[in-house]
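Written below as structure tokens is the structure these notes are about.
Going by the order they are written in, the chains are A, B, C and D; count residues from 1 in each one.
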Amino acid sequence: MLKARILENKLSSLYKAGKIVGGVYLGRGQEAVSATLGTALVQGRDFFAPLIRDQAGRTAFGEPLIDCTRTYLGSALGPMRGRDGNIHRGRPELGMPAMISHLGAQVPVVAGMLFARRLRGDLDGRVGATCIGDGASSTGAFHEGLNLAAVEKLPLVLIIANNQFAYSTPNHRQFACTDLVEKARGYGIGGFSVDGTDLLACASVIPEAVRRAREGGGPQLVVAHMLRLSGHGEHDDGSYVPETVRRGHLGRDCIEVAMRQLVENGIAGVDEILAWQDQFAEEVQKAVAQAQQEAPPDPYQEDWTALATRFPLPHCNSNAQPACP
Amino acid sequence: MSVTYIDAIREAQATLLRDDPRVFLYGQDIATFGGAFKATKGLADEFPGRVFDSPLSEDAMLGLAVGAAIEGMRPIIEMQFADFSSIAFNQIVNQAATHFYRTGMPIPLTVRLPSGGTAGSGPFHSQSMEGIYAQYPGLVVLTPASVSDAYHMLIDGVALEDPVIFCEHKFLYRWLKAKSINGDHLPIGQARIVRTGKHATVVAYSAMVHEAVRAAERLHEDGWEIEVVDLRSIKPLDIDTVLASVARTGRLLAVGEAFPWGGVTAEVVSRVTEEGFHLLDAPPQRLNSRDTPVPYHPKLWAAHRPTPESICEALRKLLSF
Amino acid sequence: MLKARILENKLSSLYKAGKIVGGVYLGRGQEAVSATLGTALVQGRDFFAPLIRDQAGRTAFGEPLIDCTRTYLGSALGPMRGRDGNIHRGRPELGMPAMISHLGAQVPVVAGMLFARRLRGDLDGRVGATCIGDGASSTGAFHEGLNLAAVEKLPLVLIIANNQFAYSTPNHRQFACTDLVEKARGYGIGGFSVDGTDLLACASVIPEAVRRAREGGGPQLVVAHMLRLSGHGEHDDGSYVPETVRRGHLGRDCIEVAMRQLVENGIAGVDEILAWQDQFAEEVQKAVAQAQQEAPPDPYQEDWTALATRFPLPHCNSNAQPACP
Amino acid sequence: MSVTYIDAIREAQATLLRDDPRVFLYGQDIATFGGAFKATKGLADEFPGRVFDSPLSEDAMLGLAVGAAIEGMRPIIEMQFADFSSIAFNQIVNQAATHFYRTGMPIPLTVRLPSGGTAGSGPFHSQSMEGIYAQYPGLVVLTPASVSDAYHMLIDGVALEDPVIFCEHKFLYRWLKAKSINGDHLPIGQARIVRTGKHATVVAYSAMVHEAVRAAERLHEDGWEIEVVDLRSIKPLDIDTVLASVARTGRLLAVGEAFPWGGVTAEVVSRVTEEGFHLLDAPPQRLNSRDTPVPYHPKLWAAHRPTPESICEALRKLLSF
């Protein structure tokens, strides 16, 4: 989570220096939740569909920094080859789908990945996880996808990162229940509520939810509570967030809390943490430098087709199928 | 013994389930019940664990299909009616259609859309959405007009690496019969000349091919020889075959059952005029449905869509130039 | 409810005799719920968006039989003028919108009607009600619409008629909770569960839900349990419904139960009920006969436009607005 | 002092809120925050109880608008980006668009769609959906290209009895400035000749009008006089003005920023060839974006959409026939 924070701070600077075109969306304040989830998953086995604020989860799941910097900086060598940007990157072949912007849409996709594995007789303790925001809990896609996963009893872990706002829209204009975890029962699935500013709390709840899904308990809904500690994107100063909320418990910086927890519990020393910081800063710097020196995509080299099939197809001489195509 | 259009669709799915372990079927009421139109009748029994009743969630059905395709499967999704794909619209046009371009990973899924009007079906069980989906990059849009095409194009479509919108015409389901499902097996993307002629070309697809042929038969009695081209696939569109036909006849009428603004007929006419202007001896014409929702009452419906009569009328006008 | 049953029996015969084109969809077994709702609403004040199986509610709300027979039989004089059919009829100007087929879609529409009245300062104890099925509870439209109504705290009464099947699809392929009423808490709204085969139970629960909404308690969700006592439509024999379910408690015919209740509680005598039956049969017969003798729509008289605006608009000579159009 | 395109949209909404008590605004982040693009900045304060932040529920937002229109209001719904209207698609095309035809009761609602590409916006924040909505009967689809039109057409659109899809171009928001919002106030449904010429007609709309004018200016240096028609409204389409222009020039190029299959350019070309074939001295041409999702990278994006360079090239080809 620390690495993600350092990376994102760098992205923010690059954006402000005009080196990144398009938006920059940070997960500041949500790293404890996201990283805990990423850590609880096993790349190569599990599926993880990260959303807007999941830099920490991506890194924990195994996404190399260079995938991030290449995508943000528009290198042709990035996973999206300049065709899509920023947080829309993914590596579906490695179990990490590339989000579309339409919120909620990844929920049924992860369900489908798990469904496919079960059909292939290859579910094998796999889980699939995705995160969405408080705002996205109001989408039809969230509802249909989660309900379908519940009906199919798929090992889906869905984290709602309730960071109190959807862009500028506060919770009270988004839903009318007290805690979104109250939705779990209506779907017939497991439900957890956790303080997302508290790494230790996350570390006890989220892996437990993952375990239950893994062991056949069906979908698990985890609602994590925190505040978004930056604007919606780096173009937004988030000034609509009331000072009282910023100052309150949810406004705590989960990274500071986590460092204190590490030190207080004797898990890591201050020196160690500072050393990590230096090391991560160097890694980030390298990934940025490399991406920056890489060529952008070249429109003249593009094939400009959205289809995998190359038409026209060869003529088929036989009536037998499935010889053609 | 004869095979209907819907038999062919059922058989194609049976063949696919038998031959390709990656194929599964997901849709509302398609398992035990065999689907609203019985296109999957008996398949759940014949292929246990491969045919699933879905919840009433078109958006999630398509999302599931995308996820399953990512993990190597070839889902076939049945929409109960094409009209309900409006709920799955986002997953189709923004998730499935963009995936290969964005990530390099193809999404081989097939969405079956029971399309087109029948008497008494009304505004929400009659729509022809091929021209909507064809506007989006990344989709293949198929519109079989014959029993044999319904069979082969479904099998060939599922074999493609891309998301396929398979528009089946509900009117043809039981009305259209053939001796067998064999027939000229053209590749996807190629149009077929279903009737040769020399005075004018009618370009049509799906159920309208049959209305066009009827119109051609009537005009034949008056000495006109009308060529009828069945597009078969809306996207890609085989403009070469159309141009070759127009080169022979010099006259073009494009007929479609969808709403009149834009859509297939506009694409056909503008492609032909752009690439084959010099071939045209007369202004190319279009005939579509009227610009209202599809009306419920059979009398209104019959006046809403192109018919052999209105096609004849349009052809007479075209031939008079 | 008895009138609705008699009407629907007639519609079924007409369909089987080939006198109705398109589908016929009956509310058999759901009359107690639907009629109770229709009775609890006041036409001219409240809004009612009936769904597939709400003939009884329509009649109770005040829809004349002739609206139904004209629509089914394709008379040009019906509310839909032959442009739409069967259950898709409505009279939005009388507070009864005309459903589109896409299930769930009426939920936000009723919310919008109420929202408008509140904006106009004219909410005034009005409620809006709509019914949907167990199947439709899986739609995104249901979720988005109900959540929006909860956020706006609108006086919406939403009845889920859980008739155990969505077309052929049984509950266990539709949702994974025990009772759909468990969803209420997750929306932060009131929730009721009622035996839909029992008129007296309906009469105690449904008006109570309406009252709470009317008095400012926000949306109320009522889940009524019953079995659909006919096929999905009259083309369907419903043979997928297991015999055990048919024979069980939910398979009771609410009309029979209601008649027994009326007689046993001394509310009405058998003779009285028989007299009603005769009277209703006569009313139905009249409505059918009248619709049957009316002319169908004439395509040559249609204006064939879907727009209320007549283009081209006159040219405007002034730059002042809003003079034009 | 100058007024931008987005100022005009904000002012139009202020005027509407002031003059018509039936108008209210509903959309994501449009109240206190003033909207993602600030099109409603300050309006919540100025008009208390008339501007609402909605939940993240496009489908329900449109459903609410239909219900409110039934009860006599004139809702204006802001989609945060046009691309997200795919979620509201069903309520737009099946509920709002069919309502007047089915019931006789009009649905006067307006959906504002921030449309079109800007550098770095990528596949899901760049779409041009006018050609999708125009296919559906019952919708009016507007595409203002000027500051004055942005203002007047929004006001006039809200005054219509029908559902209006108001496509605002995001690139024009702050780039396009005018001295005032006054200007030639044409009624909705009428196209405007923004530059007169005699050698060829370019038909465009929205941001492409400005690219077409630039192209015309370049060709002017070579002695060509290119007429540029701004459609203003996609549906209804003012084909008379287009035909009159083609009658003068004999040559037609239709330019649009949307995907190349079907859409506005196909409708324009096929309407012109159907009704004005004899006016054409050369094959009518079309120029659209490429047939892929809109790419993120500015270099790819610039090659994806029509530009003054590619319009010039298409015009030179057209002029060479």
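FYI, contacts are C-beta pairs under 8 Å (C-beta built on N, C-alpha and C of every residue); 3 or more make two chains touch, one makes a residue touch a chain.
Computed from a predicted model, the values in this text were never measured in an experiment.
*Asks:* Counting C-beta pairs in contact, which chain pair has more, A-B or B-C?
*Replies:* If we tally the contacting C-beta pairs, A-B comes out ahead.
*Asks:* Taking mean CA positions as centres, which chain lies farthest from chain B?
*Replies:* With centres defined by C-alpha atoms, farthest from chain B sits A.
*Asks:* Please tell me the distance, in whole Å, between the geometric centres of chain B and chain D computed from their C-alpha atoms.
*Replies:* 30
*Asks:* Whole-Å distance, chain C centre to chain D centre, using C-alpha means?
*Replies:* Each chain's C-alpha centroid was found; their separation is 38 Å.
*Asks:* Centre to centre, by mean C-alpha position, how many angstrom separate chain B and chain C?
*Replies:* Taking the average C-alpha coordinate of chain B and of chain C, the gap between them is 34 Å.
*Asks:* What are the residues of chain B that contact at least two other chains?
*Replies:* In chain B, residues 54-55, 57, 59, 83, 86-87, 90, 94, 97-98, 101-102, 123-124, 137-138, 290-293 touch at least two other chains, as defined above.
*Asks:* If you look at chain C, which of its residues touch at least two other chains?
*Replies:* Answer for chain C, listing residues that touch two or more other chains: 80, 83-84, 88, 100-102, 138-141, 144, 147-148, 151, 173-175, 305-306.
*Asks:* Could you draw the chains as nodes, link the ones that touch, and say if you get a line, ring, star, complete or other?
*Replies:* Its topology is that of a complete graph.
*Asks:* Where on chain B does chain C make contact in their complex?
*Replies:* Against chain C, the touching part of chain B is residues 28-29, 32-33, 36, 53-57, 59, 81, 83-84, 86-87, 119-125, 290-293, 295-300, 302-304.
*Asks:* Which positions of chain B touch chain D when the two form their complex?
*Replies:* That would be residues 83, 86-87, 89-90, 93-94, 97-98, 101-102, 123-124, 131-132, 134-138, 235, 237, 258-259, 261-267, 269-270, 273-278, 280, 282-286, 290-293 of chain B.
*Asks:* What residues of chain A sit close enough to touch chain B in their complex?
*Replies:* Against chain B, the touching part of chain A is residues 79-81, 83-84, 88, 90-93, 97-98, 100-102, 105-117, 119-120, 140-141, 144-145, 147-148, 151, 305-309, 311-316, 318-319, 321-322, 324-325.
*Asks:* Write out the stretch or stretches of chain C touching chain B in their complex.
*Replies:* Touching chain B: residues 21-23, 74, 80, 82-85, 88, 100-103, 135-136, 138-141, 166-169, 173-175, 240, 296-300, 302, 304-306 of chain C.
*Asks:* Can you list the residues on chain C that touch chain A in the complex?
*Replies:* 138-144, 147-148, 150-151, 153, 172-178, 180, 182-189, 218
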